[in-house]
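Have a look at the structure below, then the notes.
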């Protein structure tokens, strides 16, 4: 009997091996889409399948949310990539050989992220996340320009710092669990660790959580540790930027939340909530101000990702069923919207042959349809109704207001600052006198429109089944 | 039992001393030798744990540490340095003295953090954990205060040495993780090697400083 | 016990006497070993005594603008160093004045001697004296804290800063493998090399202005003044060798309760170990090169780093020692 979670992990890895063997990049791109489709189907099967807790794998309401988003965005990104990446060969930025490598690595990255999500073992989860990170490092350096190499190098250095600290934290968690759970695999198993949290040494848990917060926080892109994020987003291929923002940050956040569940199980240990609230707010407000100075459109949205990750960490730091629900919803909305925006940015970069905001003027004149879609996407991400991001941000702010009225002012302030910056930059790109070349755009607009429609639908009407599902996941978070 | 403990503590301490040696050295060749010495000490420490705690699986980890990080990688990096003909001197962001002082502060920090863990079943691992954490932090320090790409690689691997030491100190931690650590080092080396050559390809230098010109938003 | 008191007093006096007596011989051994390793004949072992005797007979030339400090410094330095050297337990740990042999006192005595020497070096106003003094102080600023830390490490382990007590502790305790102790030993060796103006920190036989430290300070001295300073230097070597022996190789030392026989045995053991240490120093000096002056802070800094690490580790593993 094959389980869906096995397919979710194994299918991308098998596909990666197959893709390495396929020489033609056109066939490779199609195979890439097919494999992502299979993974997505397995992800859907998981949603409707049964929940199970095994020795090495866990499937509960909480991680299914992540897996679903992961496989969905992975699928649409593969679709986008298939229509987009051919252009890179024409312009000579990539060779067919590097494209073959790109497709294989894309699948390996998806598989690693799924591994991190379904693992019921803190060591295995660490391995998955680390693999995914290392693969994205290679992908960011794919163009081999000096900037790309610098970005990849910076990313690698900071990511390895994060990796190491997280691993040290993992060892500490093992040490904390070992006296009650015994030596060996049980003391690294999620479900058992969480159940035994109340009997663990609070001092070790404190120390472990600090390390894990810094370690995985680096990958979430929390403020003092975010330096890699804008470079990595700006210099890598656009589909990778979409996956980085939309998925990898989420997986890191997932790891952090799992550990938060363990630490929260021991009342004598430090309370993760306030720390996460502070880190989230710092990231949110810092990134909001940084948005004003961006000259590169991908960097602009990279900072916007830091802003939104900050908001999510803030929401999960508040805790409680309602804030957790809002945080999860925001995560889903952000993933969809942000990857959609990066698809749009990919279109724009193809149309204008540049990522500099100064070179992208007057889109409404040269590419009216693209301009409208892009404007809607930016409206969505800046939290305007009727898009789903508005719903989730509204929920986060209102739940905060209900509990800590004064505290709610800070995220509201950060969001307003970010909103202003985004609209200002949007105006720069959409209106004005067109400058520079105006190429035809080959890439398919289906993925972007699909994401926008989903976000719009979620903003207008959330199906009760979905709400119930997210609510159950939020309850697991405690 | 006390003797067992003393020896593992001694080996961990020697590793920490080699961490300081990494910061102290002025020449890349000497840095690589110091790193090799650290890795071999790690191999000894892991082998000692394997023998004294009767965990034969750890011998594999010791063997990996010895062969890969003690011999193969230092030799390969020696060759890379010789072939690229890069500066023999280590390029520094801060001087040796200051780096050593910061290293001391980090060691003290590591101890202050770990000492809070209550005496108990984990207290045996506690001291080794403090030393391992100090080695990890020193690895970071090395990555920060040394500019050259090769010395940054060494800093990173020194950090991994500290991680393996910590994992060994945690009794009964499954081998899965240790192999994965060794595996990850391999990947890391692969990634690093690619970069070293690509950076070389682009700038005729592997000095990270050259990259800093690209920092920030392009104007 | 009154009869005993006289014996005790004599024993303490004998220690002072032996320390002074053996000092030129120890230096002679170092020089002889170096010479032989360089395939030279070398001066006789007793040359140190002859040099001192010669210098004492000679007239002392003093610069016109030298102050009282310049003239009085040699005697003071000699006295301070001699007291310090005599405080260290050599052949027996339980001598009459062992309570005075506190490591902190020892560091203070040596520090005072060093300060006097540095002042005397600058007193006449020649450039060499000034260079020497400033370099000496540069080294001292790192070596002295290192020394204090080593002392504290040992004090934590033994529970006392009294040297005799520390020695007793190490005689009684079975030799354990301890990182903090190994690090302290290394640090103490480096401090000893720096303090005694030995290679690689300084070269005792050169008068090259680019490199000299100690010799630059005493360049203006001659005759009996120089003899006293030279003797103080020799005593310092004995002091550090004895300190190393006392702390890290105390076996053979007569315990507090031993009688005259025990002392004789202890004296023999100490003499052998001291001369052996001197020979090792000779081998060491031949086998490595002198460092450039601007590298010195790094080298002496290692002593500080090791000493600091030692004390951190000692603090952490105190549970294991107890």
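When the chains are written out, they are named A, B and C in that same order, and each has its own residue count from 1.
Basically, a residue touches a chain if its C-beta (ideal position, glycine included) is under 8 Å from a C-beta of that chain, and two chains touch if they have at least 3 such contacts.
For clarity, every value in this text was computed on a predicted model and none was experimentally measured.
Q: How short can a chain-to-chain path be from subunit A to subunit B, counted in steps between touching chains?
A: Steps on the shortest route: 1.
Q: Going by the contact definition up top, give me the pair of chains with the most C-beta pairs touching.
A: Pair with the most C-beta pairs in contact: A-B.
Q: Report the chain whose CA-based centre is farthest from the CA-based centre of subunit B.
A: Using the mean of the C-alpha atoms as each chain's centre, the farthest one from subunit B is C.
Q: Please find which chain has its CA centre nearest to the centre of all protein CA atoms in view.
A: Central by C-alpha mean position: chain B.
Q: Indicate the whole-number Å distance between the mean C-alpha point of subunit A and the mean C-alpha point of subunit B.
A: 31
Q: Where the centres are mean C-alpha positions, what is the separation of subunit A from subunit C, in Å?
A: It comes to 65 Å between the two C-alpha centres.
Q: Subunit B to subunit C: how many Å between their CA centres?
A: The mean C-alpha positions of subunit B and subunit C differ by 37 Å.
Q: Name the residues of subunit A that each touch 2 or more other chains.
A: Residues: none.
Q: In subunit B, which residues are in touch with two or more of the other chains?
A: Residues: none.
Q: Spell out the residues on subunit B that touch subunit C in their complex, using ranges where they run on.
A: 2-3, 5-7, 9-10, 12-14, 16-17, 20, 24, 96-97, 100, 103-104, 107-108, 111, 115, 119, 123, 127, 130
Q: Using the touch definition from the top, list the residues of subunit A that touch subunit B in their complex.
A: So the residues of subunit A touching subunit B come out as 123-124, 126-127, 130-131, 134, 137-138, 141, 144, 146-147, 149-150, 152-153, 156-157, 160-161, 163-165, 167-168, 170-172, 174-176, 178-179, 182-185, 187-188, 201, 203-204, 206-207, 293-296, 299, 356.
Q: Under the touch definition given earlier, write down the residues of subunit C that touch subunit B in their complex.
A: The contact residues of subunit C facing subunit B are 176-180, 182-183, 297-298, 301-302, 305-306, 308-309, 312-313, 315-317, 319-320.
Q: Subunit A touches which residues of subunit B in the complex?
A: Going by the criterion above, the answer is residues 113-114, 116-118, 120-122, 125, 129, 132-133, 136, 139-140, 143, 152, 156, 159-160, 163, 166-167, 170-174, 176-177, 180-181, 184, 187-188, 191-192, 194-195, 198-199, 202-203, 208, 211-212, 214-215, 217-219.
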